[in-house]
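Pasting the structures here.
Both complexes below contain chain A, partnered by chain B and then by chain C.
== the complex of A and B ==
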């Protein structure tokens, strides 16, 4: 039994970590010609190209990727938490239709939506702008947030709020002392979901951003095209950082059930 | 609505909620999705139908759709996309079933296994696509390893695993990413299973295969099918991985769509949108068909 357990653990460990090996090796290599198994010389050129260059485009892409994902997440939470609450707590006529409207953007890829919105956004002056890209990211970040919050609120008892109110708590106190602490795990998962979705988005950013909004995935594609492997590998590793923070945060605050279902 | 009473909002445990409150809670999200998602698709459809804003409705025609559907590349593209999505979904689902059962049997409480298995859930597809390129290209790490142990004479003798005919590289990315997703969906069901059913089956002399076929499979099937469908729908409409790891001909549907959309020839743009809409229609149809099949199967007692 113990033996089987070890084999299982090792196979999971190796298959999960293997893809990170070439990224690490390439990001720290200076010279690595075929067919050498390991780089002929190690160095920090890949990393210093990102962080050392003045006005580094990659650094700017990192910053705009972060603000894009953070903004999409905050708006999704602000609009999605009340909606998720209503869908989790109440039954009402037309609920199935509302749920269908929210599930479609999760299933249908953003490709056709972004292409459709593009012309309209050009007219509205939203194309090639930060807010235009935020709006297109909302089409999938918001529904995901709503579904996570709906799940959270379906095992939530609003009686606690009544009790607090009976004890004389104001509306704001009920919200900050009762409701938010109780739904915090759901909010964390929803925020991570939505941040990662926006963070990894490539095509819809490219279509609406029109090459003006340089995000990390867009930089990564152009680096792969130019063939600078050490820099591309280093950017790939930076690109994974939020994923790892999300993982650690969820392991810390949510226990083992953590991120199940995050895509 | 016939009577105002017929609009009943039922809360859990009798919590009152007015129509106004409900509208205030759901309204903003509903309007945003309706305008951005519904609007995006409708505007896409208008453009794909050849309608230009300001022009009269006479310009509407199915020309762009028929152009796409009769394009000699259409059949090849749809076949390739279907092949990639179907094969990666089936392989990922099969591995997930084995993995989930193995975890339940000997590592249910292992936090480490669960932790490592969560990693692929969060890592962007693009990063793994880059990594697969660095691992499996003809001058990649795998080829270097084979050369180092003397198994490979030249780069040309390394099999094509990226930008290849069979889309091995693309499918590896999807399989790596989606196995944990399906596995966790299965684990959620299997953890509540308890030993009783399997023990009963064993007492009745059911073989290992029979226990799997008649006890475990019916229980996990809804989750397996649901997760598989999500994976299929996602891979069918995904752009990044086939763009980076696919061949330049034939193209998968999403890559073909974007290629037309971004063509210098602006006349190709509506055709790109038409392909994007066809992808969406196929995915929605797949969801509806599988939903109906599941209902049918359940009614006939097959599932």
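== the complex of A and C ==
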């Protein structure tokens, strides 16, 4: 039994990490020509290109990607958690219509959404600004957040809040000691979704940002085009880090969800 | 002084009045049950007392002071719900400590009070358990401990035993009764189960259609219902219409003394188990025929038609079958008059 489990674990590990092996090799190679199995010479040129100079473009892109994703995530949580609560707990006229409009940006091709919004953003002076890009990212992050939180809240019993209040908890204490801990697994999953969605946006950032917002995906595409494989591989690896963290964190949060009888 | 006093309380959900003009007093250390069928507004009343729902009219006093302006967290009441509602991310100890922490008790005081309440509720050794490691009965016991540890002026219990199975329910009844005696906590216990209400409380209040119909000891309610609805609620469907004149009640075949009853039309009720089946005709007797026989285990339920009326009779180890002619006797001292 234990042996079988080890085999399963190993096979999952191998199939997940195998695609990253060539990337890892590329990022540490200096010269690697066909048909050699391994690079002819190793070096740190790829990595030092990224971290070597303090003000390197890629480091800047890393920082702006991070702030963009973090801002989008925070805003989509701030809006999506109350919206998810309303949709998950209450019945009101037009609820199905509201749900449909929320899911529209996910159904409509991103190119159409971004192109359509671009015209509006130019008029409103939001094109090529940080907040303009945050807004366009929100059109993708928000639906996911709302749907995850709606699911969380449809399993949630607001009686817990009443119980806490009769035990002497003020409204603020109810929020921080009861509501948020109860929906934490949902919040974690929604935040990861939002962060990764924003982190990997290319098209919408390109159109709305108009080349002013240099994020990691935008740098990555131009590096791929330039043919500098070692640098592109190193950037790709950095690009993947949040997804790995997300994988670990969601495993942790699912463990927590087990406590609530989900498992 | 009264722990809790409700004065002309009216509560509505939207247009519909759920509780109408309800007045009730509960003395210190009393254990009172509020008994009523589901949908009679019992839970709504408890939530209003706890401050979770607003009232339309009337006032709530706790320890003689009006609490109408106080939010739920500032009222000296704790409501225990039907479901245990234990916080799943906290262990047993932290669940019990929740209320104390909210009110800012010191670490030492919290530890001391928890130790005491664990002993009273028989939960010693469970402090570090996770909630999902507890059975339904244990969870409800922790919920009880979490409320009791705050030593509220009045503990409100909203059918806390209805999610448990029969045997466990019996144990929990005794436990609650026991805790109530040990701690002297004033409790208002809501239930739809008569035997639960009777077994657990000093005084029972019957709530039907949002109004308080009768308050009294379990025996008073059971044997001397105040009106036909209360009688029916306690399973008395045998009603004999008649008249009172000169302190005697008379119907076609029943006659009994009616002291302090004003003259006029009245009805006598009798519990199904108090009607006797006799061999010979005598006073207060009527002949009838058995319509149906229903064996229920301990008792057998007979439906008897006699003189245009239907009577329900509970008897033990009977051999009657449908179609039998029998004579029913209504003992004078078992008849109870209602207006």
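Methods note: the second predicted complex is superposed on the first by the 238 of 263 C-alpha atoms of A that agree within 3 Å, B and C clash if a C-alpha of one lies under 4 Å from a C-alpha of the other, contacts with A are read in each partner's own complex, and residues count from 1 in each chain.
We adopt the following convention: a residue touches a chain if its C-beta (ideal position, glycine included) is under 8 Å from a C-beta of that chain, and two chains touch if they have at least 3 such contacts.
Just so it is clear, the structure is predicted and the values come from calculations on it, not from any experiment.
Room for both chain B and chain C is found when the two structures are superposed via chain A, with no clash between them.
With chain A as the corner point and C-alpha centres for all three chains, the angle toward chain B and chain C works out to 90 degrees, nearest 10. When the two structures are aligned on the shared chain, A:178 is found in touch with chain C, with no touch to chain B. In the superposed model, A:221 makes contact with chain B only, not with chain C. When the shared chain is aligned, chain B and chain C each come close enough to touch A:157. Of the two partner chains placed by superposition, only chain B is touched by A:105; chain C is not.
Looking at the shared chain after the overlay, A:168 reaches chain C, while chain B stays out of its contact range. Applying the stated contact rule after C-alpha superposition, one finds that A:91 touches chain B and leaves chain C untouched.
More residues of chain A lie in touch with B than with the remaining chain of the pair chain B and chain C.
In the superposed model, A:74 lies in contact with neither chain B nor chain C. Smallest inter-chain Cα distance, chain B versus chain C, after superposition on the shared chain: 9 Å. On chain A, the patch touched by chain B and the patch touched by chain C overlap at residues 157, 159, 256, 259-261.
Listed in rising order, the residues of chain C touching chain A in the complex are 47, 50-52, 71-73, 75, 77-79, 81, 83, 85, 87-89, 98-99, 102-103, 130-132, 146-147, 150, 156. On the side of chain B, the complex with chain A involves touching residues 6-13, 15, 17, 22, 24-26, 28-30, 32-34, 36-45, 47, 53, 99, 102-103, 105-107, 110-128, 130-135, 139-141, 143-145, 147-148, 152, 155, 176, 181, 184-185, 187-188, 230, 233-234, 236-240, 243-244, 254, 257-258, 261, 272-273, 276-277, 279-280, 283-284, 287. Across the complex, chain A meets chain B through its residues 1, 4-5, 8-9, 12-13, 15-23, 25-26, 34-37, 79-80, 82-83, 85-87, 89-93, 98, 101-102, 104-105, 107-109, 111-117, 119-120, 123, 135-136, 138-139, 142-143, 146, 157-159, 192, 196, 199-200, 202-203, 207, 217, 220-221, 224, 229, 232-233, 236, 239-240, 242-244, 246-247, 250-251, 256, 258-263. The touching residues of chain A, when paired with chain C in their complex, are 157, 159-160, 162-170, 173, 177-178, 181-182, 184, 256, 259-261.
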